[in-house]
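Common to both upcoming complexes is chain A, partnered first by chain B, then by chain C.
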Partner chain A sequence: MSSMDITSAPPEIARERKVSTRIWQQAFASVEFRIGLIVLTLLIAAALLYPQLSGIDPTKMNIKAKLTPPVFMGEGWTWAHPLGTDQLGRDMLVRALVGLRYSLLIGVSTTVLMLLVGALIGLFAGYFGGRIDTVLMRLTDAQLSIPMIILAITILGVSRPTIPSIILVLGLAGWPVYARVMRSTVMAERKKEYVRGAMVLGATDWRIMFTLLLPLVLPPMAFVAVLDIARMMIFESVLGFLGLGVQPPTPTFGNIISDGRKYLMNAWWIATMPGVFLVLVLTSINLMGASLERARNAIYGGA
Partner chain B sequence: MLDTASETTLLSVRGLSVVADGPDGPRQILEGIGFDLKPRQILSVIGESGSGKTVLARTLASWIAAPLRVTAGQVLFKGRDLLADRAYARGLAGREIAYVGGNPAGALDPTMTVGAQLVEKLRAVRPDISASDAKAKAIRLLQAVRIPAAERRFHEYPFQYSGGMMQRAMIVDALISDPALLIADNITQPLDVTVAAQILKLMRELNSEFSTAILFICSSLPVACDASDEVMVLNKGRVVERQTPDRLTAAPQHAYTSALIAELPTLWQEGPQRRRPAATEKPIMSVRGVSKAYETRGKSGKALVQAVRHVDFDVFAGDNFGIVGESGCGKSSLMRLLTGLERPDGGQILFQGEDVGAASARRLRELRREFQLVLQDPYGSLPPQSPIGAILEEPLKIHRIGNRAERRDRARAVMSEVGLHPGLYESLPTGLSAGQRQRLNVARAMILEPSLLIMDETLSALDQTEQGKLLDLFERLQAQHGFTYIFISHDLTMVRQVCSRIAVMYLGEAVEVAPNDRLFFDPGHPYTRALLSAAPTLELRRYRPEDCLLEGEPPSPIDLPPGCAFASRCPQAFDRCRSQNPALLSRGGQALAACFLNPTNEATHV
Partner chain C sequence: MFILRFLARRLFQGAIIVFLVSALIFTLLRVVPGDPVRLMAGGMAPEALIEQIATDMGLRDPIWQQFGRYMGGVMQGDLGQSFVRPANGAAVGGASFDDTTRSERAEVLTLIAETAPMTLQLALLAMVFALIIAVPIGVWGGLRPGGWPDRMALYLSSLFVSLPNFWLGIVLALILSVKLQLMPAIGYQGFAYTILPALVLAIEIAPFVIRTLTVSVAGVMRQNFIDIAGVRGLTRNQIVFRHALKNSSVPLLNLLGVQFSMLLGGVLVIEFIFDYPGLGLLTINAVMQRDFPLIQGIAIVTAAAFVLINIAVDLIATAIDPRLEY
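Take a look at the complex of A and B:
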C-alpha cells in the first residue's frame, strides 16, 4: 500500500459525513432494521395510545363475555374483543397492551440501570486496578453470590412491591455480570498504546476513562444488554407470577400469565398473549440491534 | 528422465501463478514464477511488502487457503508435482519440507515445554522412534543451535526463552524431521541485529552440517546477500532477477534491483546524506544519572529488574539526538521516563531547566505541551473508532485551546502540513496505510506546537521508501518549526542518516555518547563495534562480527554480573572488566564512552 498517493482525495464523498451519521444510515438501509423499527413503533404506539383511545378499562369485568376466544379462533368470537377476554371477561388486547407498558418500562429501565452501574464499577476497577479493583470486585463477587430470585423474594417480600422497587431489585441483581465484562475489557484496552498516547498528550485519567475508553467499550456491551431487556421482562413476569410483582388488578405480563394458568386447557389465549407480545417486542429490538452492530462493525472495519 | 532431474534439483518451480479472489474479481499475486533449487543451496527471495514473498513461501509449504488460489504452474519436489498431488504434498509438509515463520512466540505452544513440543513433532513424523531417542535428538539439535544449557532448557516453557532463543527453537522444530528443504520466512525480522547475525551464521552452518536446502524469504537486501548463495528478486509477483549476491550488488541486471540498491542507506560511504542540524550550546533536555528499576515476581520471590542505570546525556535545542540499542537495553523504559509517563527512582530529567521527574501532575500536564511523543505501532497507537479530525483535535481539547471552529481549522492545517488530505477529516484511520498513520501520529504530536518531539521507533514499522518520505517530512517540519528530535531506535542506518549525536545503550546503561561521525568511524566501546558489525549493509564492513562479539545473549537484567555488563560478550574483556564497572568518560571532542580500553578512562563507579 506504500505506493498509494498520500495526498490523494478520498474515493467517496460520503466520507465527509460524521461517522455516527454513517452508522445510522447504513443500519437504516437494511430491511431488518426497518422491519424492527416499524414493528416496535407500532407496538409502542399501540401500548401508549390504544387503551386511552378505545376507552376500554383493562380492569372492567364483564362476566357475561368471559373466556371469549380471539377472532377466528373458536366459537363465539367477536370483533369487540379482538384477542378475546379472560376469565372475568376483561378485554385481552387492552390488558396485554397495558401489560406491555409495564414490561417495557421495567425491562428497559432495569437494563439501563444495571448496565450503567456495572459499566461504571467495571470501568473504575479495570482502569485503576490495585486496591480499588480488589474492593470493587469483591463487592461484585458478593453480589453475584446471591441468587436473583432469593434477593427479589427477600426485598420485595418485606417491602411493598412497587415499580421503582422492582426496577431497583432487578437492577441490583443484574449489574455484576456487566461489571466483570467491563473490567476485563478495560484492563485489556488500558494496556494498549493509544491510551499511553493520550496520557502523553496530557489527558487526565477522568478524560481517558470517559471520553476515550467508555465510548469504545460501552456499545458492544449495550448490544448484549438488548438481550437482557428480554430477560428482565421475563423476570418481571416471574415476579408477577410469584405474586411479588406489580399487584393485581394492574395487568402486567406476570399477572396475566398467573391468571391464565388455571385456564390453560380451555382458554389458552390468556397465558399465551403476553408471550406473543414479548416475542414481537424482542424480535424487533434484536433486529434493530443486530443491524446497528453490523453497520458499526462494517464502518469501523473491526477496529 | 525425472529421476535424473531430481538428483540435480531438489525443488523446481515452473510457471507458478497465484491469485487472490476478492470482491473485484481475482487479483494476481504471483505470476509465472519459475526457479530451481539444488540440494544444499541457500536461495534468498527478496522484495518489498506486497511483492508476494510470503505467498510464495506458503504455496511451497502447501499452506495456502482461500482467498488465495493457484491458477497455473507446477511445483516439482524431487520430480513430483506437489500441486497435482495434494495428498503427497500434505505428507511432505513438516517432514521433507519444513517452514519457519517470523513469529516464533506465536508458533510455539505456550502450554507445553519446548522439549515436549519437539519430541511430539518428531514422533508424529517418525512413529518408530523411541521417546528417549527423540529426546536425545531434540537436545542434540538444541545444542546445535547453541541454546545454552540445552538439557535444562529442554524442560522449560516458551515464555522462559528470549526472542532469539525461541527463533532457534523454531529452527530446531523445523530441522528435527531432517527435512530436505527448509523454508525460512522472515525469520530474522523480529530479532535484534546482533542476534539476527548469529542466527544467520547458524543457518549457514546447519546448511552444511545437515545438507538442507534453504529458501530464505527476507525483505532486507543486505540480510539476503549475507545469508545466501543466490538472491532472487521479486517485484509485484514476478521474478525480476536471480544472481549471486556479489554479482547482484555489483551489476544488477534489472532497473528495479538497481533502484532497490540505490535506495539503501549507507553507514560509512558518502551517499545522499541528509542535513544534520548543527548542535547549539543550549541543552533543551538534560538527563542526569537517571535510574529506574521494576519489581517483578520471579520463582524466588520478588526481584528487581534494573531497566535504566545512571544514564547521563544532554540534548541540545534544534538537534537530532539518537538513542540506539537492542531490545531489552532500556530504551523504552528511558522513553517512559523522558516523557513523564513514569518517574525515575533516582537522578533528574531537566526539560528547559525544570525537573520532569519531580513535577506535580498538574505541572507535568502543562509541560507536556512542550514535549511530545510519537509512538512506534502505527496500528495500536491511534484510538480505534475515532475519526481523524477528532484524533487531531483531542490534544487541543485536553489543553483547552481554541473554540470548535478554531480547532477544526488547526486540525485541517496540520493535516495538510504532514501530507494528509484535509478531506479525510471525518474518515476513520482504518483505511490508512502504516505510513499515513505515522503521519497522523506526527500531526497529533505537533498540533500543540511542542519544542521537543520524542520518536519512539516511529519508523520501524515502515518500509524503506516510506521511511525516506517521513524523514523528509521531519526535516521540513524541523526547518519550519525549529523542533528538537530524539530518535529512539534499533536501526543504526536510520540514526546514521539523521542524528547529529547518538547515545548507545546496553542493559540500561548509556555505554557511549558521541557525535555521529565519531561513533561510526571511531567507536569508543566494544558494544558499539559489535552493533556496527552486525548492522545489515552491503558496504564493505569496517568491523567483522566474528571479531566483535562472542556467542551468547545479554545477561538477565535481574541479576547483573558485577563489573561491565558487556564483559560476558566482549572479546576484549579482561579481569578488571568483570569486577569494576567503567564510567562514561570523555574521549575528547564531545565523545564519551564507558570502557577501560580507552586511554583516558581511569575513574570507575559501581
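Take a look at the complex of A and C:
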C-alpha cells in the first residue's frame, strides 16, 4: 500500500524527534533550568503533600488564633502556623499551597487547550490557504486586538465563574498567537518535497495534516508554551483578585491577596506572603521556559 | 503614491478588524446571562416595568437588528449612552426605578474621552521608566552574549515577568508609601499619583524590552559594519549608541505594536488597585455594572487604537529603516 510508504518516507520526522531530545538536553545542561526544576518540584511536592499530611483544613476558622504573624515576624508567632493566619484564623501556609494546586491545574489545562485550538486553526488556515485562511486570520487579528483580559473579565463578569468556565475562557482568549505561528510553519512545510510526494501518492488532506504535519510542527511550539503556563497562572490570579476566579471559600492566590488587601495595615502578611509562593513558582517555570526557548532558538538557528 | 496605497489598504483592513471586534463583543454580551435592565431599574422594580424599559430601549429585538442600529450610530461617531452612569457626574449603580434623572445618562464617548488622557499619561510615564530599567540591562546583555551580563538579563527578565502586577502594586505601596512615605499611592490628586502605578506597569513591560534589546543588539554587533566602524576610529561607545541602538529601535517599535493589548491589560488591573481614574478603572466598573454600551464602546475604541498604533509603528519603522517594505 502506498500509504504505508508515506508514513515511513520522510526523513524529516526522524530528524525532528532527535531535535526535540536535543532541545531538552541542551536546556537541561543550563544552571537556570536545573534551579527552576528543583524549586518547582519542591513546591509541587509541598502543595500535593503538606495540606494532607498536616491535616489542616484550609477553610477551617479559628477566631482565637486570628491574625497570627508568620514565624519570627512579630508578636505571638507560632510554629503551628509558619506563615501566620488570616482575619478568620485560617492557616496561611495551607491556604497558599491549596491555592497553588488550583493555579497549576488551571495554568496547565488552559495552556494545553489554547495550544490545541491554536494549532488546529493554524493548521487548517496554513494548509488550505485561500478563503479559509483569510477568514481565520482576520478572526485572529480581531481577537488579538482586544486585550485578552477585557474579553475574559467581560465573559466571566456577566456569567458565574467556575473552574471549567475559567479554563475555557482563558484558553479561548489565548489561541491566536499559536494559530499564527502554526499557520506560517505549515505554509512553509507544505511546499516541501515530502508533502508533495505524499500528495502525489494519493494521501488525503486529512492524513497529511494529522500524520505528517501536526507531529512535526507541534513539538517545537510546545516548548514555547511552557512560558505560557506561567502567563496563564498570572491571569488566573488576576481574575481571582478581581473576584472573577474560583470563588471563595476555595482559596486561590487571587482571592487570598484580594482579602488580605483589606488588612494591609495591621496584617501585611496576608496579602504579601502567598504572593511570594506564586512568584517563586512563576520564576522557576519562567527560567525553565526561557532556557528551553534559548535551546530551541540555538538549534533552529534564530527566529 | 506608495504611501497612500499603503495607508488605504491598512485602514481598510483595520476597519474590518474593528467591525469584527464590535460584532464579537456585541454578540458575546447578549448571549451571556445577566439582565442589565434589572440592574438599571434596581431590585425592587416590578417585572412588567423591566419588560417595558427593555422593549423601549430595543433590548428585546433580535440581536442582528440591535447590532445594525448600533453600528449605524457608530458610523456617525455615536457610541450610545451608558446604561448606569448619569451625565452629571460620579453617582453610579442601580438607581431607583422611578428616578426621573435616568433620562440624562452619560455619553459613552464623553466618558472615554475624559479618562483616556489619564491612561495615556500613565502609559507614557511607564514606558519611560521601562526604558530606564531595561535599556542598560538589555544592551549590556546583548554586548556580551553568553557572558554573565547576558545571564543577568535572562534572570532579571524571568523574575520581572513572574511578578503579578496586583501583588507587586500592593507590596510597593506598602513599602514605598506606607513604610517609607516617599509617594502617594491611592486615588489621584496630582501628577505624583501617577508615579507608583507607572513603576508597576514599567516592571511588567521591562522584560519584553530587555529580551528584544538583548537579541537585536547581539545581532547587530555581529555585523560587518560594526567592525568597520572600529577601523574608522569610532570609539566603543559611539559604535554602541550610533549603530547598535539605532538598529535596535525597529524591533522595539514593533514590540510596542505587538504588546499593545498586553499593556492595556496591565493598565486595567493597575488602575483598579491604585484607584487611578483612567480607562482601565472605567472598564472594570463597566463590566461589574453590566454597562453594555460602555463595554462595547471601550472595546471598539481600543481595537481602533490598536489598529492605528500598528499602522503608525510600521510607518515610523519604514522611516527609520527605508529597506523595510510593507
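We adopt the following convention: the second predicted complex is superposed on the first by the 206 of 303 C-alpha atoms of A that agree within 3 Å, B and C clash if a C-alpha of one lies under 4 Å from a C-alpha of the other, contacts with A are read in each partner's own complex, and residues count from 1 in each chain.
Assume contacts are C-beta pairs under 8 Å (C-beta built on N, C-alpha and C of every residue); 3 or more make two chains touch, one makes a residue touch a chain.
Everything numeric here is computed off the predicted structure, so don't read it as measured data.
With both structures placed on the common chain, the touch criterion links A:T252 to neither chain B nor chain C.
In the overlay built on the shared chain, the residue A:M199 is in contact with chain B alone; chain C does not reach it.
Touch criterion met: A:L264 reaches chain C, while chain B stays clear of it. In the superposition on chain A, no contact is made by A:Q26 with either chain B or chain C. In the superposition on chain A, contact of A:T110 is made with neither chain B nor chain C.
Judged by the touch definition given at the top, the superposed model places A:S237 against chain C, while chain B stays out of reach. By the touch criterion defined above, A:Y300 reaches chain B but does not reach chain C. Of the two partner chains placed around the shared chain by superposition, neither chain B nor chain C is touched by A:T185.
Comparing chain C and chain B on the residues of chain A they touch gives the larger count to C. In the superposition on chain A, A:A142 contacts chain C only, with no contact to chain B. In the superposition on chain A, no residue of chain A contacts both chain B and chain C. By the touch criterion given at the top, residues 13, 16-18, 20-21, 24-25, 28-29, 32-34, 151, 154-155, 157-159, 161-167, 170-171, 174, 178, 261-262, 264-265, 268-269, 272, 283-284, 287-288, 290, 295, 298-299, 302-303, 306-307 of chain C touch chain A in their complex.
If you check the complex, the residues on chain A that touch chain B are 1-2, 4, 6-10, 15-19, 192-194, 196-204, 207, 212, 215-216, 299-301, 303. In the complex of the two chains, the chain A residues touching chain C come out as 32, 138-139, 141-151, 153-155, 157-159, 230-231, 234, 237-238, 241-242, 253-254, 257, 261, 264-265, 268, 271-272, 275, 278-279, 282-283, 285-287, 290, 294.
Of all residues in chain B, only 48-50, 339-341, 364-366, 368-369, 372-373, 375-377, 380-385, 387, 394-395, 398-399, 419-421, 423-431, 433-436, 439, 441, 444, 448, 462-463, 465-466, 469 touch chain A in the complex they form.
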